[in-house]
Structures are given as C-alpha cells and as structure tokens.
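Would you mind keeping the following structure in view while I ask a few things?
In order of appearance the chains are A, B, C and D, and numbering begins at 1 in each one.
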Amino acid sequence: MVDIRHGTSEQIGPAEVEDVELYHPHSWWTRYVFSQDAKIIAVQYASTAIAIGMVALVLSWLMRLQLGFPGVFTFIDAERYYQFITMHGMIMVIYLLTALFLGGFGNYLIPLMLGARDMVFPYANMLSYWLYLLAVLVLVTSFFAPGGPTGAGWTLYPPQAVLSGTPGGKDWGIILMLSSLILFVIGFTMGGLNYVVTVLQGRTRGMTLMRMPLTVWGIFTATVMALLAFPALFVACVMMLFDRVLGTSFFMPAIVEMGEQLQHGGGSPILFQHLFWFFGHPEVYIVALPAFGIVSDLISTHARKNIFGYRMMVWAIVIIGALSFIVWAHHMYVSGMNPYFGFFFATTTLIIAVPTALKVYNWVLTLWRGDIHLTLPMLFALAFIVTFVNGGLTGLFLGNVVVDVPLSDTMFVVAHFHMVMGVAPILVIFGAIYHWYPKVTGRMLNEVMGQIHFWVTFVGAYLIFFPMHYLGLIGMPRRYYEMGETAFVPASAHTLNEFITIMALVVGAAQIVFLFNLIWSIRHGREAGGNPWRATTLEWQTPETPPRHGNWKELPVVYRWAYDYSVPGAAEDFIPQNQPGSTGLGAEEAS
Amino acid sequence: MTETTVHTHAAPAAKAEGHAQTHQQHPIGLYLVVWLLLFVLSTFSYLVDYVGLQGYLRWSLILIFMMLKAGLIVAIFMHMAWERLALIYAILLPPLLVLVFVALMASESHYVLFSRLTFFGAAP
Amino acid sequence: MSVETHSTVREPLHRPAGLAGFAADWASDQRTFKNVSWGKAMMWIFLLSDTFVFGCFLVAYMSARMSTAVPWPNPSEVFALHIGGSDVPLILIAIMTFVLITSSGTMAMAVNFGYRRDRKKTALLMVLTALFGATFVGMQAFEWTKLITEGVRPWGNPWGAAQFGSTFFMITGFHGTHVTIGVIFLLIIARKVWRGDFDTERRGFFTSRRGQYEIVEITGLYWHFVDLVWVFIFAFFYLW
Amino acid sequence: MAVVVILVLLAVGSVLFHLFSPWWWTPIASNWNYIDNTLIITFWITGVVFVAVVLFMAYCVLRFRHRPGNRAAYEPENRKLEGWLAGGTTLGVAAMLTPGLFVWHQFVTVPDGAAEVEVVGQQWLWSFRLPGADGKLGTSETRDITPENSLGLNRNDAAALDDVVVEGGELHLEVGKPVKMLLRSVDVLHDFYVPEFRAKMDMVPGMVTYFWLTPTRTGTFEVLCAELCGVGHPQMRGTVVVDTAEDYQAWLSQQTTFSQLQAKAETKETAQAGNAAPAQ
C-alpha cells in the first residue's frame, strides 16, 4: 500500500504490465476520422454533443416563445410543442450531457490524468463514438419522418407514447426514438467498459485509486452507474418497441382509445415507469457526478489550495452512486404505485442529501483560507455551487413525499431539475472547457468574450429558473401547451412567464458568443504553453501540448496525490504529481 | 485456493500485456465432477416439476437447485473461486441492487393485482 | 535515491490473500485486479452489465405474470412433448438444458488445453462447444415453431394471459441471440487457435493487438455466462 | 469583486423575492393544510442553508481572493469539522423528513367514514360516478365500454345498477365530509389535480388508484389534468363544486343512475327497430 498523499520510488512497485504498443494510423482517415486515439474520439464526441445540444437549445427558445407569448407564434401548435419539449429534454439529458461528460471529458481526461497512453481498447472506443453518432442521426431523422418526432415527453410514458393522441405515437416518431436510445446504450457500453477498465487496470506506476484526481473519480463512478442503469432503459425500450410494432401488451392494459377498443390487455403502465426510473434516477446522477468531480479540481486548482477532505469527497461520490439505485420511485410518488413505497423512498431520497451536502461543504471550505484566482473556470465553479445548492435544496421539497404531492408535475419540478441539471452541470461544462481548452488546442480562450458569456449565462439562468419555482407553487402544471384562462392563475403570473422567456433568449444569445469564442480562439487565442494554470495533475505534465498520440515519451511515475498546492516549504505553490522528492509532504497530517 | 493465483510468471520476461497474468489452469477431473453435478442438479430440478411438487416445497427446491447450479458455474467454470477477493466482490455485490428491485416489484405487482381484482368485473 | 526507469520490470511484490488482500489490491497502484488482464476485466464487467439486462427482463416478466388477473398458461403442459403415447412435461427444455451444460463442460476443457498450448484439442473442443450451442439454438427454433403452430403469438395465445407469449419470445429470443453470438465467436477463435495465431502472437485484424491464448478463457467466460442465464430462465420461466 | 456583490445580491434577492413576490399558492380548500405546513418548514430550513452557504462563499471570495504574495493554507482535512457538519445536516434532514412521514401516513390511511367517489379520465374529459342508494360502487370493466355504457360498468353487478353516473359534467362534493377519490382511466395516464385541494394522483389504465380528502370550504374549483396525456392535455379541464349538505342533496337528486341510462338506451334502440321494420 502506498500513502495517499506522497510516496518515494522505493514504495512504488515495478510495472506490472508491459507498455502497450500503440495502434499506428496509416492514413489520414485512420488518423483523424476513424481515429483510435482517445483524445481525438473525445473531440469528436464533444463536437457532436455540442452540435445536437444547440438543437435542443433552439427548441427551448421555441418552447419559451410559446409559453411566454401563447398564440403569438402560430406555427407552434400543440403537436409541435410536445415534440419540442420531448426532443429538448431527451437530447439535453442523454445526447448532450451524458455524451459530453463521459464520452467527451472521459475520453480526453481519463488516460491523461492516469498516466496511460490511451484507453485500454482503442478499437471498441472508436466504435463507441460511431454508434453514438448513428444514434444521434437516427434521432435527427425523426424530425423529418412522417408525423414528426415523438411528443410523449422525455419520460415516454406508455400507453400514451404509442397511441394516436400523441404526436409520433402511431407514426415513426416513437419507433425512431426508441431505436436511437437502444443504439446509444449499445454504443455507450463499448465506451463505458473502456473507461472503467482503464481506471481499474490501466493506471501508471504510483497512481493509486486514492491519488486519482476527483475528476476521474466522478467520471469513473458515473460510468459504472451507467453500465448498471442503462440496461433498465434498454429493456424498457425493447419492450415498448414490441408493444408498438408487434402488438404485445407489456405496458398496455385494455384500452378504449377515442371510443375504439384496442387489442391490448393485461399490461401494466406502472411497470414501465419503474423500469424507466430505475434507469432515470441514476441517470441524473450520472450527469451530476462528473460535474462534482470536475468542479472539485477547478476549485482546488484556481484557489491554489488542496481540495478539503479528499477522502470524504471520494466516499461521498461512491455512496451517492450506490444510493441512487434505491431512490428511483421518488419520481412516482403520485403515479398510483403502492402508496406505502412512499415511506421507503422518501427516506432513502433524503439520506442522499447528506453525502451531497458534505461535498458542498468541502467545496466552500476549500475556498476558505485559499488564494482565490477569479479566473473564468473559478467563476463558473462558484456559479455552479450557487445554482446546484439552490436546485438541490428544492430537490428536498420533492423528495419529502407529502410535499411532492402538490408540487409534482408542476413547473416547480421543471425549475428544480433545470437549476440542478440544466444549469449547474452545464456551468461546470463551460468552466471545464475554459480550463482544458488550452491543453486541447494549445491556446487560451478569449477572456473578454468569456466574461460576457459567464455573467449573462449565470445571472440569466438563475433569473430564468428561480422565479419559475413560484409558478409551480401557484399550481401551474408542467407540459402545458397553454394555461388558457385559469381561475387560480393571476395575470401577474403570465407577465412572469414573459420575463422568463426574454431571459431565456438573452442567455441563449450568450451561448452564441461562447461558440464563436471556441472557434475564434483556435487560431487567434493567446499561446497557452504546457501548464497555464500551474496545475499538479498529470495531463498538464505532458511533453507536448496538445499531447501527441500516446501522450507520453516515457510513462510518468506518480509520487503524490493530485492536490499538493501551496505546500509549506515548497518553492512553487504547486507540486506536480510526477515530481519525486519529499518536499513539504505534509506527512504530519497524512496520518 | 488463492495461492494458485500467486505463482505468476510475470517476471522480467513479461512479454506482451497478457503474459503478466496467472493462467487459470485447473485439473480436468474437477471440471468433470462439476459437469456431473450440474447434470444431477438439473435432473433434480426437472424432477421437481415431473413429480409435480407444489407450494413452498417446490419453490424452495427450485431456488436451491438454481443457486447451486449458478454457484458451481460461476465458481468453477468461470474460475471465480480462484480469483482474488477484489474481483469477486466487485462482480458479485452489485447484483444485490437487482434483488432490491425484484423485491419491490414483487410487492408492486401484488398491489396492482389486488386493485384489479377488487375493482374490475370480468378479467381484463 | 534512484528513481527506477519504466523499462525495469521486477518480480511483483507478493500480495496477501483474503480480506487483507482485498484492501491491498484496492489501495494499490496500476491495477486493482492483480493478475487479471485488461480483456478479462472487460469481459467480467460486461457480464455484470449484461446481468442487469437479463435481471430487468426477468423482473418485467415477473411483474407481468404476478399482476395479470388472467390465468397464466401452465408451462409444464405447454412445453410437454407427445412421446410414446404420453405427454412428457418439459422434456425438450430439459434436453436443451443438458445440451447447454455439456457445451459448458467442453468449453471449460478447451480453456484448459488452450493454456497447455495444445492447439488441436483446444480448437476441436471449441468447435464441439459451438456445435452444442448450435444444437441448442436449433431446438429453440423447434420450440418456437411448435408454439407458433399451436397458436402462440407475441400478442396472445389460446390458453390465457397474452404476456405469456410476449415474455416467452422476448426472453428466450434474447438469450438465443446471446447463444448465437457466442457460437460465432467460438468459431472465429477456434479458427485462430487452429491456425496457431496465438503461438505466433499474430496481430488481430481490427485491433492489431497481439493474440493470446487467454482469449479462449475470455470467450469461455461469455459462454458460461450464457449457460448461467439459462439456469435462471429455466427456473423462473419453465418451472414456475 | 463583482462576484461578491452578485453573490450577496442573489442570496438577499432570493429571500426578498420569496417574501414579497405576489406569487404564492392558492387558498386551501381541504384538510391538507398539514402539507402546507410541512412545505413551510422545508422552506425555512432550506432557505437558511441556502443563504448561509452563499454568503459564506461571498465572504471567502472577498477575504481570500488572490493578492500578490498571498499563499493558501495547506489543510488536507479536518475530521472533527466534517463530523459536525454531517451531524448537523442529518438533523436538518430529519427535521424535514419526520413530519413529512407522519403526514404521509395520514395521506395513505383513508378514514372509515369516507364516502367513495369515482373519477374516470379519458382523452380528454372527466366523468364521475357516485354510489347509489346502496352506498357501494359497482365493478367496472374497460372491455365493457360501449357508446351506451361509456364508463364500462358491469351490468351483472347489482351494486353497479344504482350508481349515479355524471358524464363530462360537474362533480359535487359535500363540505366537511371525507371522500375517497377512486381514480380510473380508460385510455392513458391522467392525473386528477385540484390545486385548492393540494392532493393529486395519477389515473392509470388497468388499475384503480386513490387518495382522500375532506373539503373544508364551499366553492367552485377547477380540475386540471397533471399527467401528459397527449395533445389535449392542457384542455382537459373539469369542475368540482363543494356544496353545503342541502345543496349537495338537491344536486344529487337530479342525477341519473346507470340503470336509468341503460333504460334510455334500450328505448332508443327499440324505437329505431320499430322505424326500421316497415322499411323493408
């Protein structure tokens, strides 16, 4: 065993496996298109995710236009509206966040941060991306299929999802949606196995699990969860596909649709909900844990201070991951399931608040007595904490079963999950891009554009979603194409809706600044050098920037944990993980 | 039995990646015994149905034979018995989550059935 | 203090066994699963994920069966064969079970001979395994045709709950697919063994990685898993 | 520096917004003010935590922002502090959960005296059924649904014949009398939601769900559907009227029972048959 925080070469065992020989691309195609280099696959994943994410963003504007100014934009009819929210939700959660965090950041950072040359199975890794791309394309085709994409809501609840009362229900929409999801799961499994095995079996000498940067911990745990949660989605999709095309009755009881008796009978819609949320709840943490990990590193690096309570942080991530498999039915408090489940799931759900809370505390305690550089990544990290705490706390309302009863399926829920998922992790993504862009391209992103982007996005997004809670409190249901004249909704609420819409458009515009920055800086950005943030983790210690295929000339050896910032007695205020010697090891606290 | 794994010819000679591993090599005789056992157990569980046992006895027998078979396959044929605990726990613990799922869904199904029998007339 | 360069590969430190070993392994650097190759680790974790897939299928089946108010067809009659003037319950399924178990046995031996670098025996045993697997799939096909001719459809059947047909076709179908894929892989690997790829460490066509006899064990893991799943299907679908 | 200002503004602003914004729940009309109370408790606890965390951050940024020559402290962990924080959080969570679970227990245990009312959802309208003289609701069956028998009541069930059927009309409830809402759907998921009652529950085809409440004030309330059920979802509205005892009886007496509906249907058919006969 090696001490978490430091070690000398004597304590480090010999290489257990021989250095891999890399796959050497022979042509331009195998080098840049069908590349097996994790870093290139990462960029492919990220660009695809961002591209499709932009579509989802545009959809959100259209939805907001309808909600803010009902009846003004006549081309948005009810059918279209439901297709928009469905695609918006599904794309954002699965095809943007999951793909970007695991496929994008996972592929880029895991091998670099662990001192590996590449993922353990580059070929499967490549297949993973191409299957993901295929899934995205299938999803996109559904926009052009007869009947358009499905409008069943991203939860795809049957029977509604496969009936004619819903857009795409009896057309191609739902079929393409399910197929796309199935493809995504298969593709992801290929990549996921790679990430997990690389973390478990592909680390460099001296890199113990307890020396990994929290970024890797977050992505690793999320991937393990994904490998165990996606099967439920896969099964649910297969079964619904059969209900739709083969006429089976897994989720279909006897139904009279618009006065006509259907052939189905005996199935249980609740079963689908359980399968979906057995996947769905872990899924929301799958997009949260990588954010937790990344933000920890951003804060630590830019506050020039070791992350506070590293072990606690690791255990919190693991415990959250494990618990999240036994809380799924908190999405079903009012679904008509066995009401006594409420006691069990309310308890497990609120328990999760404790490890999560500890993470929050440790983030802010890392700032305490730090040397805070208000760089863009740091700003986004701070913004993340605010929005995440806000969204997480509203989660406690919904988790507390009785309180969920009036709030469920109202805009309060929408506000909750946007704050905690639609804003917080997205802010981390931005911070992370500002942080690692120099490593990927060798150049910094433009600071001015960055500042604009940050302020508008942070303040704007908060102004969009904080007031939205109160619409839910009034009783405004979600997934309403238009409220119409409703006695209990005051006129002022409609004004608030207009305000939210305007903010949404403003924030959206800021994203365009960001995208422009991404492209502009590739050429015109300031030269970054190898380690612009003076960070300790291995990815900043590569011989070249951007790192070449294979990452290292000679594999690095790790002598210390990832957080030796401002070590007393050390010359610099950071000590890279691969720097030997016992300068200010903080051995005192170690024990 | 763990020491079987320890004798590894990793060593300086370690050539390509795979070579640093222990080879899961075990007496053929053992395989044959397990094979035989699996046959017997399968026959038993088949007989449970053939004889037409019912109720708890049937279920306990079915489950016992099932677990025994599963155990043998995993432990011997898949060499789990000779793996180190690190792997054994990593693979065998997560499925417990499925058990939780099964338990809750069993109760849920009862609830649905109860509701159907109480409120619906003829069978749906 | 000499920082040893990467190339030196010393005899690995002796590792404690049991729980102490568990802690040591997880706290160690480089590899958590000592003496487990990348490929094998990958296969194990994949199987874990696949366990959840079949787990969910079975949960769905259980829920459907427990929550339907319509009587469930009695498998031991449905799957009976008319032999020698009398109906023998589940006989075909029993035979299928034995076939699959047998294939597991031959597979286990193939692995063994593989590590003895006995090319011929290994290849033969793998082909034999594949044959048993194919037989299993064949009998499954027979079973399906039999049921279909008797009027079982995914959306209904003459004897009771519609979910009987749907779950049957879905679960056995999914398992059958796994077996078929296994057969294909077995044949591919058998060919490589026969050709001696793993003695010459010939590179894979796609992955351009050196071939190892260990791939036989990895394929074996998958194959045994397919057998394992059948154990549960047999108990829950046919015997319930 | 701007960050500090903004953070403080966010914390303070959020609280002020909560206190002074005109947007708050509608006046309650049922016994579930327990739910409101639990919600208030949660608001206070979480509010305090939110403000505390954000202000602490703001302070840190102000106090420890980078200045030339600064150096951060080296403080890997502090078991004691982390222990205290964990404990405090656990308390806070418990303080919210415990009352919650008590109220939930009330929510799922229907009082014995509760009268049964059935709500039937379909795309996209509400129908209601009340027990007749026998005080029992008869069994139903989606398969039995026909134009004449739009709720699919079971003709062979004596208890069903005298049930009062309200197709697409208003539901009337008696103030102060606990009612058990039995929820049924004939096509897709719906959700019976009356904001003033606070309670809501999905209606699931193929089974019957429920919740109970006691209306506490008379008035007319709007029923909304709170589970996506296709394009008509937002138009799926209904009306619940909470009456005094006598108004309620007056309304009840005007409703038609299932058997009466059947009779009407019969006569129609025979009439048609009569007209049809000479035609050939």
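Keep in mind that, in the parts below, a contact is a pair of C-beta atoms (placed from the backbone, for glycine too) under 8 Å apart; a residue touches a chain by one contact, two chains touch by 3 or more.
In this text, all values refer to a predicted model and were calculated from it rather than measured experimentally.
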Among all chain pairs, the one with the most C-beta contacts: A-D
Where subunit A and subunit D are represented by their mean Cα positions, the distance between them in whole Å: 31
Inter-centroid spacing, subunit D versus subunit C (mean Cα positions, whole Å): 47
Distance from subunit C to subunit B - Cα centre to Cα centre, in angstrom: 12
Multi-chain contact sites of subunit C, meaning residues that touch two or more partners: 8-12, 26, 32-34, 36-38, 41, 45, 48, 52, 55-56, 59, 63, 67-70
Residue list for subunit D, restricted to those that touch at least two other chains: 141-143, 206-207, 209
Residues of subunit B whose C-beta touches two or more other chains: 10, 14-17, 19-20, 94, 101, 105, 108-109, 112, 116, 120, 124
Chain-to-chain touches, reported pairwise for every pair that qualifies: A-B, A-C, A-D, B-C, B-D
Sites on subunit D touched by subunit B in the complex: 139-144, 154, 156-157, 182, 184, 206-209
Residues of subunit A touching subunit B in the complex: 16-18, 20, 228, 253-254, 265-266, 268, 270-271, 274, 278, 325-326, 329, 337-338, 341, 344
In the complex, subunit B residues that touch subunit A: 10, 14-17, 19-20, 94, 97, 100-101, 104-105, 107-109, 111-112, 124
Of all residues in subunit C, those that touch subunit B in their complex: 8-12, 14-15, 17-19, 21-22, 25-26, 32-41, 44-45, 47-48, 51-52, 55-56, 58-59, 62-63, 65-70, 76, 89-90, 94, 97-98, 101-102, 104-105, 107-109, 111-112, 115-116, 201, 210, 212, 214, 217, 220-221, 224-225, 227-228, 231-232, 234-235, 238-240
Residues of subunit B that touch subunit D when the two form their complex: 112, 115-116, 118-122, 124
